[in-house]
Amino acid sequence: MFSLTVRDHFMIAHSFTGVIFGPAQQTHGATYVVDVTFMRAELDADDLVVDIGLASAGVKHELARLNMRNLDEAEEFAGRNTTTEFLARVIFDRLQAAIRSGDLGDSAQGLAAMRVTLAESHIAWASYEGDI
Amino acid sequence: MFSLTVRDHFMIAHSFTGVIFGPAQQTHGATYVVDVTFMRAELDADDLVVDIGLASAGVKHELARLNMRNLDEAEEFAGRNTTTEFLARVIFDRLQAAIRSGDLGDSAQGLAAMRVTLAESHIAWASYEGDI
Amino acid sequence: MFSLTVRDHFMIAHSFTGVIFGPAQQTHGATYVVDVTFMRAELDADDLVVDIGLASAGVKHELARLNMRNLDEAEEFAGRNTTTEFLARVIFDRLQAAIRSGDLGDSAQGLAAMRVTLAESHIAWASYEGDI
Amino acid sequence: MFSLTVRDHFMIAHSFTGVIFGPAQQTHGATYVVDVTFMRAELDADDLVVDIGLASAGVKHELARLNMRNLDEAEEFAGRNTTTEFLARVIFDRLQAAIRSGDLGDSAQGLAAMRVTLAESHIAWASYEGDI
Amino acid sequence: MFSLTVRDHFMIAHSFTGVIFGPAQQTHGATYVVDVTFMRAELDADDLVVDIGLASAGVKHELARLNMRNLDEAEEFAGRNTTTEFLARVIFDRLQAAIRSGDLGDSAQGLAAMRVTLAESHIAWASYEGDI
Amino acid sequence: MFSLTVRDHFMIAHSFTGVIFGPAQQTHGATYVVDVTFMRAELDADDLVVDIGLASAGVKHELARLNMRNLDEAEEFAGRNTTTEFLARVIFDRLQAAIRSGDLGDSAQGLAAMRVTLAESHIAWASYEGDI
């Protein structure tokens, strides 16, 4: 299996609901350093996993939808805790849709799987991985 | 599959038995930077893989049992080489027991797998991964 | 000149005032990975720059005063932009006071200078350095 | 599953063929930081995944065949784009052959799989993983 | 003293002249991960060292002049070895000129010094630092 | 001022004397990742700070004198605590002598200063810097 990973980041405010979160129930924030890994069994005709230019632009586009926001005000996340692992899944789902709609190029239709990892600090990160 | 990783470290002395180890047959030591990755198929009711506070405390507790020791004097490792890969398995087994006994919280009973990675330097690391 | 550095982190929400900040005028947030470097010309009687246990605890104490907060609600920063470089100076000043009041141990009175670096992402960081 | 990873690097010049590569169609170059991960189900009699000395030397030997070269002049890659993902596979295949021929020691015959990752920058890397 | 650092990268081919360079006399290449540190004694009216948007764009503009090129064909470097340390100085000089001509904003006129660091691998990097 | 840095590592066992060290009074160990920074005002005739081959070999030679040892048995450190900051100075002094005796090449006589940094973990490091 081949893979290609690109890294970018976004910065948001949010708070969590539930005693388990302790002080993180207060409004705080995070920088998420995001690694998106694209996977496929064989390279395409250009010897690529995916067009890295389109892939980087696609990731940046999805992160821009979250960047510089207070996620507590995001209607699409109402009733959910926007934890690191939850956001990894959100970005996975949105990138999966972008791939299927052709935004990452024709060759990206040959991708088999993807993993989205969000690092919230130098000592904690979370990911979601699934088939495309 | 979702995952959450936390990082911590411990520092020990030891020596190895066997010509294959060359100068590492002498008493020396290592800092091990430890990444523990918890995995599960679906998030729990709080949108979490595991309570990161309990997970971090659980990892710290297990590493404290090894930290600041000369492992050559540890009876539980008699007759074994405490290599990086061997210690990854030791920590895996101990954390697996802690999870099963409830030390990482009720939700941790839903964990599917775990990977323990020990970096011994900027150019070498080892891991053990298995189902829980 | 000798130095010792310890690393920790904190997570906050805030917003900035001024057209120059663009979308960062909205409420967002950041993880700051903090490196505090203590400097002195000669080691103390224990061959140390500073007691690393007290230094780490002192840094953690100061970061806890900022951690998990919305800095827009902090009266002490009213009228200022809590930029990365501004916060580096805030933490420097507070740690300097802690050192002078003896919180980092007697030997810390021999420190000559300090640098506080805050990384806001994998591609941007800021610092403040000064004499103690 | 156990794993052991060693890191090394090599530096090459090359150019790519195809409009999709944009300015990378010009002669340019890259430093590739290479992580080779060896995997097996059980440790060998020395409590090792593989002899790290032989493994490091084997990786260095293969990278030396590529290091300090202009890959556009390499006959073995004629008609191919020497992308990061393509080179990960090349190194995988060569190390697989080295393992099978005994260059990494007798115990290395027990390896089950291998992953070769090449980082081309702080924001992009690629890998190839397969059974041995 | 305050500082702000931004990170970016560029990829080039080149060769060196002189027996001291050994195999690096052949055409090869490098990825340079570039950290540019801007320094000043006091923050500006916005609590900034420099407008990070303009600074990042200014760095990217200068790196784009080098990126994806074979530096052996660059007339401006004729007769010189484009070593990591040499290139750090080239980028310093060009950014200094950009700052003086106002490309990084009015506030950048208050910068006191700058350091440009180029990492050529995970085990080697070079820098040039000077007053502005 | 120009600088060039090379990275390497060594692994040792030791213990400390003094109540301030707590559990580190027991025999334990550390991996030290070592960064040696060479500084000079102007590049040499080859556009270099120092011959990186000789510099890397010189650093490796000095680290080999410490690597894979129990420093409690080293006569040259009797009566001292081999803390991270103390070892940074030891390596500085030894490399300074090597430079003065010509081991890093004739051009190295033009070096102005040097900094030796030892990272003992992902959250703590120490350095010694001085003129040559």
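Think of it as A, B, C, D, E and F in the order they're written, each chain with its own count starting at 1.
Here is the rule we use: contacts are C-beta pairs under 8 Å (C-beta built on N, C-alpha and C of every residue); 3 or more make two chains touch, one makes a residue touch a chain.
Note that the coordinates shown come from a computational prediction; the quantities given were computed from them, not determined experimentally.
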Intersection of contact partners for chain A and chain F: B, C
Same vs different contact residues, chain A with chain D, by half of numbers used: different
Pair exhibiting more inter-chain C-beta contacts, A-B or B-F: B-F
Separation of mean Cα positions, chain E and chain B [Å, integer]: 41
Rounded Å distance between chain B and chain D, as computed from the means of their C-alpha atoms: 27
Junction residues of chain F - those touching two or more other chains: 7, 122-123
Contacting residues of chain B [partner chain A, same complex]: 1-8, 43, 46-49, 51-53, 56
List of chain F residues in touch with chain C within their complex: 18, 20-22, 80-86, 88-89, 122-130
Parts of chain A lying in touch with chain C, wherever the complex brings them together: 7, 9, 11-14, 23-24, 26-33, 67-70, 120-123
